[in-house]
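Across the two complexes that follow, chain A remains constant while its partner is chain B and subsequently chain C.
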Partner chain A sequence: MRFAFTDDQLAFADAVRELLADQCDAARVRAAWDGDGRVPGLWDRLAEMGVLGMLAPEGTGGLGMADVDLVAILAEGGRAAIPDPLAATAAVAVPTIRDHAQSDDAERWLAEISAGTARVGVGLSGNVGVLHAADAAIFLLEADDGLHLVDADVVELQPLDSVDGARRLSAVTWTPSAATRLPSAELAASQARDRAAVATAAELCGLADTMLAMTVAYVSERRQFGVPIGSFQAVKHQLADALVELEFAKPLVWRAALSRSTGDPSASMHASMAKAAASDAAHTVGLAALQCHGAIGYTVECDLHLWLKRSWALRAQDGDAAAHRRLVEAALLG
Partner chain B sequence: MRRLHAYLTGRQNLRVDLTWTPEQDAFRDECRTWLQRNVPSEPLPSGDTREGFARHLDWERQLFADRWAVVSWPEAYGGRDASLWEWLIFEEEYYRAGAPQRVTQNGIFLLAPTIFEFGTRTQQDYYLPRMAAAEDLWCQGWSEPNAGSDLASLTSKAVRDEAAGGWRLSGQKTWTTRGAFCTHLFGLFRTDPDSVRHHGLTYFMVPLETEGVTVRGFGRLDGDEGFAEVFFDEAFVSDDLILGAVGSGWSVAMATTSSERGLTLRSPGRFQATAARLVRLVRDRGLDTADPSTREAIVRAWMAAEAYSLYTLADVSGMVEGRSPGFRSSLNKIFWSELDVDLHTAALAVLGGEGELETIGGTENPWLKGYQFSLSGPIYAGTNEIQRNIIAERVLGLPRK
Partner chain C sequence: MNVVVCVKQIPDPADPGALDPESKTLKRDGKLILDESDSYGVEMALQLAGDSGEVTLVSMAPNGEVSGLRTALAMGAAKAVLVSDDALKGSDALTTAKVLAKAIERAGSYDLILAATESSDGYTGTVPEQIAEVLGLPSVTFAKAVTIDGTTVKVDRQTEAGYDEVTCPLPALVSVTAGVVEPRYPSFKGIMAAKSKPVDQVTVADLGLDAANVGWAGAGQEIIEVAQAEARQAGEVIEDDGEAFNRVVGFLSDLKII
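And now, the complex of A and B:
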C-alpha cells in the first residue's frame, strides 16, 4: 500500500511543468486564440522529451510506461491550459493504438505519433467535435459498432467555434467500414472513453489549481475598504470550500489512472467517479475564482477567462458529471 | 531537450500501489475473525446514556482483554504495536462489523497522542494502561459558556497553592461529552492571571472525584444525556497532573485538536461502512421506491466516502514517509463532517415518512440517531467555519484580519 506518486513520476511531472511554465505561459495560450490553436514549437518539445509516446512501447520510440505514470503530467497540461491536444494524443490515442490496432501500420503510427511527426485526431461518442482535426493524419473515431482507425483522406471536416478560442474543434464525418474497424472495436471504444474521461479529469484538476492560485494571488493584492479583499471571510470561505472540493477530487483521479494501469475490474467505474468529481470541482473553483476577481475577472484582458473557458469545455467533454454519476449509479445500485 | 528517462531518479523501490501485503491481509483476517465472534448481535443502547455507557464499558473491557482496544499502542500499554496501516485496517473492520461506538475515544484517540508526545514517562506508565483498560474514562474540557470557537478567551483559572504543592481550579467547562459518566477530565486553565489569549494557559488532567468538582449532565439534541457542565470550585490538583510545561497549555492542546480534526478520530472505515449500509438500505427497500434525486444523493455521498478513503490513504502514505499534513487536517474535518451529514440525509430520504420513527418494524431506526449525531460534526472539533478560516489563512496563505 502506497498511494502517492513515485519520485520518478513526480520528477517527470516537474520536468513538464518547467517546460510548460517556460514555453506555454498565459501569453502564449492567449496567442493560440489568434493563431492556429497551438503553441509554436511546443509539440516538438513534448515529443522530444518523450511525453507524447510515454505509453508507447519502447520499440516504437515510446517509453513503455503506464497510465498512472502519465496522469500527473496531464494535470500539468491543465495547469498551463495547454491548447495542443496532449491528453487526446498521449493518454488516449497512443494506448488505444498500442492495445487495439493490429495492422502493420500500427507500429508506424505509434512511432510517428510519439515522434510528433504524425498527428492524431480522437472522436469519441458524446463529444461534439475533434480537437485539431485539421492537422491530423490519422483518426480514432467511434461509431455505433465501436472504434475505427481512419485515414485523414476519407474524412470531411466542418470547423466548429468553441467558447474557448484556443480549442480548434471540427465536426468529422466519415463512413465506417469493416476495413477501418479495429478488431475488438467495442472494447477499444469503451477503454478509450474511460481513458479520455480520466485524462480530461486530470486536466480539469490542473486548470482548477491555476484558477485557484490566480485568485489567491489576486485577492491578496487587491484592496478595498483599506484592506486586501482576501482578508474578508466571505472571500476566504469560498476559496477554502473550493480547495476542499478540489483536493478530494484529485485522489479519485489518480486512483482511476492506477486502476487502468493495473487492469482493475472496476476501472471503468473509477474513471466515472474521477470525471464526475473533477468536473464538479472545476465548476466550484471556476465560479469562486470569477466571483472573487470581480469585474476584472469578467474581462478578456484578465487571463482567468483562458482557464475558465477551457474548464467549461472540458467539464462537458468526455461525459459531464451527471452522465458519469449515472454510470456510477448503475454500477452501484444496479 | 532531455528525454524523460533522463529524469529517472533510480529510486524504483516505491510504487503506487493500492493493495495490501499478505501480512496486512492476515492482520485483517485476525481482526475480522475476532470481531465476528465478539461483536454483540444486538446493538447496544446508546453510549451517551447512563445505562448504555455501562454496557459499552463492558465491551471496552472485552476489547482490552484481547488487546484490541488500542492496537496502535506499544504492547507494554496493552496495544499491538500496529502500524498506521494496520490501524486503518482495524478501523475498517471494526466499522464494517457494526461494532459498538467507542465511548473511550476522547481518551484513547485525543488525550493519549498528547500524553505520548508531552507526558513524562511516569505519566505515560500510569495513565495509558488505565485508559486502555477503560479504568479511567476521560472527557475533554475545552469549551466554556463564553469560550467556544474563541477558546483562547477561556477564563477557568488555576491559582497556585504553594503550600500544598499544586493548583486550585475554579471556573466552568461545558458541552463536555459524556462528562457525567467519565472519571477524569483534561482541559485548559489559566495559570497566569496577567496573561491574555493563548498565553499563560496550562493543560491539566483532573480526576472528577476531586473535592470542589461538580458535574451536571444534560440532554443533547437527540435527548441523550451526552453533554455535561463541569464546575470547579477551588478544586485542588497536584503538580503531577499537569501535561507539558506550566504556561504552555495552548500548544499542548493544539496537538489534541489536530488529532481530532484529522485521522485519528474519524478514520475512513467509519464512513465507508455507513455508505455500504446506505446502499444496502436502498437495495433492500427496492430501488423503485427511491426518487431519482435520492438515488443521486446516495451516489454522491457514496463517492465522497470513497474520496475520503483515498485521500486518507494518500495522507497516511505521506505520514509514513515523514510528511505531516499539518494544517491540511482542516480539509479532512470539513470533508468528513459534511460527508456524514450527506450520508444520513440520503438515508432519511430513502426512509421517507418512516424516517421520523424511532423504531421501524420493531427495530431501532439507526439512521435517525445517526442523522442527529451527524449534524453535530460541523460544530464540534472546531466548527467548519473555523476550519475554513484555517484553510484560507494557513493553507492558501490569505491575509489575516
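And now, the complex of A and C:
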C-alpha cells in the first residue's frame, strides 16, 4: 500500500501554501488581532480557488472531493496561522451539511458557502464559543440531542475573549427545536466532532511546522559566546526531539482523514489518536520554540507569539490530548 | 485573439542555486518552476485572449521538464510547446531566440507574443527582442500596460522618467514588466485540467534546426570564469540633526527613485 499524498493533493496544498504565503503573512495575521479577526480579501480568494467547497458535491459548486484531499490544505492553513475559520467551514460544516441536511437546505447552503457568499458558524459541545459567529448566516450547533442547523436570525451572540487575539469568539444562545434538528442529528454531531478533531490536528501540525522553522532560523542567527546558539547541543537536541514528535504525529493525522474518507469503522478512534498526538506535538514544539527564543518569544512583538497563542487555543479546542486519549482507551479496551 | 507567451522554467529561487563547475552554468537538474516574472505575461495573455482566444506557452527546458508549464496551464493557458534536447545545453541568447522563434511558428497562428523583460535565474535581457528580429516582427519592451485596439497594440512603455505611449501593428512581440497585472492563483479545477492539456514536446531536429548550430557547439560566447559577486558594502549612517531628510531625498534622487 502506498501511504502518501497523490500528486493532485500535493499540488492543491502547494497552491494554497503559495496563496497564503502571499496573502496571509505574519503582518496580516498580526493585523487580524487589531481588526475583525480576518485577513481582508482572503476568504474570496479561497472560494475562487475551490478550497471552501472542496468537499461539496460538484452540482453545488463544489469539487466533490474527500476529507483526505483537504487535510494537507488544512495544515497549510495552520502553517500560515490563518485567522479565518477555514477548518470549521471547509472540513466540518460543508461535509456535515452535505451528508445530513435536508436536500433543499444542503443545495442552498453548500452553493453559498462554496462561493464564499455565506458564512457558517460551528458550535460543537466542549468548545468555548463559536468562531466568527457575527459573520455567520447559518449555524451548525450541537445540543444534547445532536446537531441542529440554525438560522442566524434566531440566535443571540455574546462576544468572548480568547487567548489568541485573532480569534473572534462568541457564545451563541438559541432554542433547539424539532424544526432545527438535523434528520440524523446524533450521527451528524459525532461525525462533526471527529472531523473537527482531525481538522484542528492538521492545523496544529502546520502551526508547529512554522514555530519550528521560526526557531531554527532564530537559533541560526542569534549568537552567544561567539557562535550561533543553534550550535549548542542543549538547543539542537531540544529542537530535534520536537521535530521527531511532530513528524510522528503527522501520519496519524493523514491516516485519520483517510479513514473518514474510506468509511473505516475505526475512523472515530483514528480522529482521537490524531488530535491527541498533534496536540502533544504542538505543545512540545511550542515549549522548545519559546525556550530557544528566550524572553523575546513571550513578547507580542515577536511573530512566534501569534503562532504560539493559536496553538494554545487549538490544543484545547475539539478535545484536548487527555480527553482524546481516554476516547482511544475506551475504543480499544471497551 | 491568440497570444503566445514565452515562459522560462527555472530552479526554485527558495533553494540555494548551484553552478556546475565544468560548464560554469546554473545547475538545472532538479524540478523547475515557472519563473515568477513570466506569470505576469501569462496573466496578461489570458486577459487579452479572453473567452474567444487562446493562450499558447512556449518554453525551452532540459529533461522534458513541464512542472512550470503545468502551473501556467493551470492558470488557464490552453496548450504548450516545449523544446527539450540535450543538444541545447550551453545555448547563448541568440540561439535561444532562434529556437523559441521556431517553436512559436510551430505553435500555430498568433496575434501577439508576450515575454517577460528578462528571466530571474540566468539572463541577458535580450531574448525577447531577438525573437522579434528573427520572426521579422515589431517589438515593444518594458510594457507596464497593454491594450489591443483592432489590429494594433497600445503599450505604456516604462522609462526612467515615466512612460511612453507606443502604438504598434499586430502581430508584434511585447515584453511586460512585473507590474503589468496581478497574476491569478491557479484554481483546483485549473490544476486538474492542466494535467490533460496538450504539451507538444519537440527536439531541435523537430524544429528543422541543426544540432551543430545550437548549444555549446553553436554558441557565439564562452563562459571563461565565474567569480563571487562583490560583498555588499556597509551602509551609510546619517546622524539626524533635523535636516537628515534632505540627505535621504538626495540619495533617492541620485538613484532616480524619486
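Just so it is clear, the second predicted complex is superposed on the first by the 333 of 334 C-alpha atoms of A that agree within 3 Å, B and C clash if a C-alpha of one lies under 4 Å from a C-alpha of the other, contacts with A are read in each partner's own complex, and residues count from 1 in each chain.
The criterion applied here is as follows: a residue touches a chain if its C-beta (ideal position, glycine included) is under 8 Å from a C-beta of that chain, and two chains touch if they have at least 3 such contacts.
Keep in mind the model is a prediction, meaning the values are calculated, not measured.
Novice: Look at where chain B and chain C land on chain A after superposing the complexes, then choose clash or fit.
Specialist: clash
Novice: Look at A:Arg17 in the shared chain and tell me whether it touches chain B only, chain C only, both, or neither; answer first, second, both or neither.
Specialist: neither
Novice: Under the stated touch criterion, which partner chain does A:Val51 make contact with: chain B (first), chain C (second), both, or neither?
Specialist: A:Val51 contacts both chain B and chain C.
Novice: Answer with first, second, both or neither: which of chain B and chain C does A:His293 touch in the superposed model?
Specialist: So A:His293 meets neither chain B nor chain C here.
Novice: Between chain B (first) and chain C (second), which, if any, makes contact with A:Arg119: first, second, both or neither?
Specialist: neither
Novice: Is A:Pro228 touching anything from chain B or chain C once the two structures are fitted on A? First, second, both or neither.
Specialist: The first partner, chain B, only.
Novice: Per the contact definition in the header, classify A:His148: touching chain B only (first), chain C only (second), both, or neither.
Specialist: Neither partner.
Novice: Can you tell me whether chain B or chain C touches more residues on chain A?
Specialist: Residues of chain A touched, chain B against chain C: more for B.
Novice: Does chain B (first) or chain C (second) touch A:Arg30, or do both, or does neither?
Specialist: Touch status of A:Arg30: no partner.
Novice: Chain B clashes with which stretch of chain C: 78-86, 186-194 or 222-230?
Specialist: The one stretch of chain C in steric conflict with chain B is 186-194.
Novice: Go through chain A and flag every residue that touches chain B in one model and chain C in the other.
Specialist: 8, 11-12, 15, 45, 48-51, 54, 63
Novice: Give every residue of chain A touching chain C within the complex, in rising order.
Specialist: It comes out as residues 8, 11-12, 15, 18-19, 45, 48-51, 54, 63.
Novice: Considering the complex alone, what residue numbers of chain A touch chain B?
Specialist: 1-9, 11-12, 14-15, 45, 48-51, 54, 63, 68, 212, 216, 219-220, 227-228, 230-231, 233, 235-237, 239-241, 243-244, 247-249, 251-252, 254-255, 258, 273, 276-277, 325, 328-329, 332-334
Novice: Spell out the part of chain B that touches chain A in their complex, as residue ranges.
Specialist: 1-5, 7-9, 11-12, 14-21, 24, 85, 279, 282-283, 287, 295-296, 298-300, 302-304, 306-308, 310-311, 313-314, 316-318, 320-321, 328, 331, 334-335, 385, 387-389, 391-393, 395-401
Novice: Considering only the defined contacts, which chain C positions touch chain A in the complex?
Specialist: So the residues of chain C touching chain A come out as 74, 185-189, 191-192.
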